[in-house]
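What follows is chain A paired twice: with chain B in the first complex and chain C in the second.
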Partner chain A sequence: MSIWDDLRALALIAFWDVRKLRRYTFFLAMRFSWFLLQVLVFGLLVANMVSVGNLDYYKFYVVGAFMAVLFSMSMVKGHDVVEEFEDGLIDYQLSLPVKRRVLAIGRAVGGGLSAFLHSLPMLIVVLAVLGIESLPAALALAFASFVFASSLAGVAMSVALVLRSSDRLDILMGVSDSLLVRVSTIFYPIAAVSAVAAYYYLAKVNPLSHMVDALRLIAIPEVVQGSTVSSAQAMIAFLTGFAVAAILSSLVLLDKKIEGGYGR
Partner chain B sequence: MGAAVRVRGLVKKFGNFTAVNGLTFDIEEGEIFGLLGPNGSGKSTTLLIIATVYKPTAGDVEVYGHSVTKRPDEVRKLVGIAFQDPKALWVDNPYELLVWHAMVVGYGLLDARRAVREIMEELEIWEHRGKLFSELSGGTRKKVEIAKLFLQKPKVSIFDEPTAQLDVTTKHRVWEMIRALKDEGRTVIVATNDMTEAERLSDRVGIIYKGSLRALGSPAELKDRIPAGDVLELRVDGALGEHVISALARALGTEKLNVSNGTLKAYVNRGEEKAAIAIETLSRLGVRVRSISIKEPTLDDVFFYFTGAQLGEGK
Partner chain C sequence: MRGWAIAIISLRDLERFWKYKWWLAALVTMNLADLFVFALIFRGIVRKDILPDYFLFLAPGIASIAAFAAAFTIGREVMMELRRGFHHYLLSLPISRSELVVGRIAAGMVRGIIYQAPFMALLLALLGFPGIRGMALVSLATLMIVASMSSLSIAASTLVRNLELQATIRSLLYFIAFFLSNVFYPESIIRQRFPEAVYAIIENNPISIATTIYRHVFLPELAPSAEVQLLLAKLFLWTLLLTVGGAQLYARNLER
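Presenting the complex of A and B:
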């Protein structure tokens, strides 16, 4: 099989997740309303209450809220995979004439793409609220969001394949949602958390910190210049490493460990 | 023709439970192979291992020389499976699902649409193309599932109880479609509980019971392996004397004879040959045969003999 056949298969596998978009209409409407509330009400309230040096906390918060959405949309992909396991659809996909590597990457990309598409309305709100008019900046934001969503969805799907239980997954997701999002620079600038040493170091190694600050560097460079979790180069290196690790681990998992048969 | 699939010492355990317990057999290229066994005997598990969905605990399967443990990516290019339980999301609509499947197995979009329409019309599910999967009847779901394989036409097609929920007319149509795959030179494996299906379809059947192979051969061979499985029924003119009966017993090589109301029943192997011998013997002794019939054992008998019978008798 040529590389083109593999890419073609990858695109088709990725389409599997994207085509499920319509079942989420209600969920998306809820998420979207909640996001509007966050950005248009809570964000303003909080920004009026706190001040972190001379940082424009409102703009900082808006990007953070978007990252939180992107994160939870990607985590939803883990639920999808558990559900598919229960319905035997993973068995079906494992039987298709597609290389396991292509299947793994295709699902991660598809999961990322659909998480990204689910978050797209929110991204547009962010662009509007922040007044971003430059097309390159908007495209860079979109692309970065898509890449982050793919790594996160890849991790969520891999975890789901290992747990194979919606109960266990729900618990883990609840914990990771509150912990990972809190212990990061999603809502708190790194300068502000440096007071608590443990918190500071956890936030520093949390991929979400790097993702959200990377988004900020693209969206609101004038606000966060010099106050991100690390330098731009370091963040890019970290995030690339994270994406590669995420993909490699899901490849190994799917290749070596995963087989069908969710209790049947 | 060589073996398309070689199963060697195949074992599959789920925790402590052994679902497949050391299977070894070949499936020849171009044959329809029936895998027969009672519920829970390990049919689906075996098929899922051949399709690389499950990994063997021990042993191996080779498909055209490619091992399912070492080269599963290669195996998957050659094998396709229609699952026992149809696989779809409840929000799927059959048409989209089948077009997606067709494209994944290599069709271009336009060809996929055309082929899906053809196969859906052939299986009489075209009218259901736009429904949600959750709205479909059991039989329709099953048709969507097997349609995947008729689109895919892999070198080795695996059907897990393909007609389990289908009505009689559809059953016959599906059998024809499966035979057509064989006529195109493909190898077909069919797991089934349905003796008619196994008998009509299979060139050879393997009977498994509790994960082990109990019998392997063509339906005719297996029937012959049941001791004295054929029944010869003879109606003759006049009474049958002791000497006639014992001469007949000797000629037919069986002790199992009984006579009632002018009908003689003899339990033999290879009924057709024995019928000729019986007629010859009787006419030599001056007894006129009015009618003769041979009742062959059904595959049901075979199935009971190799599974049920051994349950009780522990043979």
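Presenting the complex of A and C:
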């Protein structure tokens, strides 16, 4: 098989996830309403209560709320994989004339693309609320969100491949949603997290902190200058490493764990 | 109406509640994370002139949310039964329709009370025993909030035939009750930021009413002017409205 055949297969696998978007109309409507409530009620009220130096907390929060949605949408891909196990769809995909690594990368990219498209209406709200008119900034936000969503989809897929149980996945997703989002800089700047030492160190190594602060540097640099979890270069390096590790782990797990059956 | 028939229906639902232990563990983690991570960090950045201690401010609200979220789970149960046609089996049981309906609402209430118990114990540990009158007020508020939320959830699960739309309506109601309440923010800020009509909606949300009663009992300095009789009367009206409405909708849809 030539590289072009592999790329064609990759695109087919990736768009397979995207084609399922239509099934989620009500789910999307619900998530969008939830996001609007967060931004137009919770964010507005909380911004009036807090004081963090000269930080415009509302703008800070709006980007964080988008990050929380992107995270949750990407992690849902783990559920999809477990359901596919149960429905025998993974068997079907393994029988396709497609290399394992192409399948793994295709599913991660497809999952990321689908999570990103799910979150796109929220991103548009963020652009409108923050008044971002610069096209390069909007494109940079979209691209960074897509790449990170693919990394998270890769992680979710790896976790689903290891657990192979919707019950265990449910608790892990619930706990990760609760803890990873809260012990990060999604809702508060790193300086505020330093009030509790354990949370501070966890937030420093949490990929969500690096991603949300990177998005803030693109969207509202004047607001967050000097209050991010790391320097811009360090965040890019961290996120690149995370993306590579996530894709590699799903690749290795799909290659090794599925061979010889995946019965519980 | 026979009490034992209602008890059997409620106990069956309670047993099913424990089957979702993983989901419950995740819910507990989320509620605890809201308190011990979110509130603890937020305490450092919330202006002291507005709230001297955000952690203590949020604690009664989390107890209120816990009762609400657990009571709300009964709606998912009802939705799954309608999807699988299991309600035909329930209708074939030698119990009356009203016993079945009351049993289901009572089941939601029991779930809410049991789930809230550890959060209530945490409140007692953090803020001390509020006296017999205080505990009576808290218990009354809890009973009414779990009854109204259990009924609301059942009503939402039977409003429309489309199952995806049912789930969306329930989630939307959940988020509206959650965010448009005074759990996370004091009333002074709500009044300052929103028009009077929105303030009235938030203030009269059953979750807000129960939270204000909890705060009045455990943290009287945060709700000094709360008119408890009026709050109880409002909560009673909500309970009456939602319980009667929910019961009628459920009974009607069982036989459609």
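A few points about this structure:
Assume the second predicted complex is superposed on the first by the 258 of 264 C-alpha atoms of A that agree within 3 Å, B and C clash if a C-alpha of one lies under 4 Å from a C-alpha of the other, contacts with A are read in each partner's own complex, and residues count from 1 in each chain.
Here, a residue touches a chain if its C-beta (ideal position, glycine included) is under 8 Å from a C-beta of that chain, and two chains touch if they have at least 3 such contacts.
Everything numeric in this text was worked out from a predicted model, so none of it was measured.
Overlay on chain A: chain B and chain C fit together in the combined arrangement. In the overlay built on the shared chain, the residue A:F42 is in contact with chain C alone; chain B does not reach it. Number of chain A residues touched is higher for C, counting chain B against chain C. Centres of mass aside, this uses C-alpha centres: at chain A, the angle toward chain B and chain C in the superposed model is 100 degrees, to the nearest 10. Of the two partner chains, chain B is the only one that A:S95 touches; chain C does not reach it. In the superposed pair of complexes, A:A138 makes contact with neither chain B nor chain C.
Of the two partner chains placed by the overlay, only chain C lies in contact with A:A192; chain B stays clear of it. Once chain A of one complex is fitted onto chain A of the other, the partner contacts of A:A9 are limited to chain B, with no touch recorded for chain C. Of the two partner chains, chain C is the only one that A:D170 touches; chain B does not reach it.
Chain B and chain C never share a C-alpha pair closer than 13 Å once the two structures are laid over each other.
Across the interface of their complex, chain B is touched by residues 1, 9, 12-13, 15-16, 19-20, 22-23, 84, 87-89, 91-92, 94-100, 259-261 of chain A.
Residues of chain A that touch chain C in their complex: 25-27, 29-30, 33-34, 37-38, 41-42, 44-46, 48-52, 167-168, 170-171, 173-175, 177-179, 182-183, 187-188, 192-193, 195-196, 199. By the touch rule above, chain B contacts chain A in their complex via residues 14, 48, 51-55, 72-73, 76-77, 79-81, 83, 85, 87-91, 96, 100-101, 103-106, 152, 154. The part of chain C that touches chain A in the complex is made up of residues 22-23, 25-27, 29-30, 33-34, 37-38, 40-47, 50-51, 164-165, 167-168, 171-172, 175-176, 179-180, 184-186, 189-190, 192-193.
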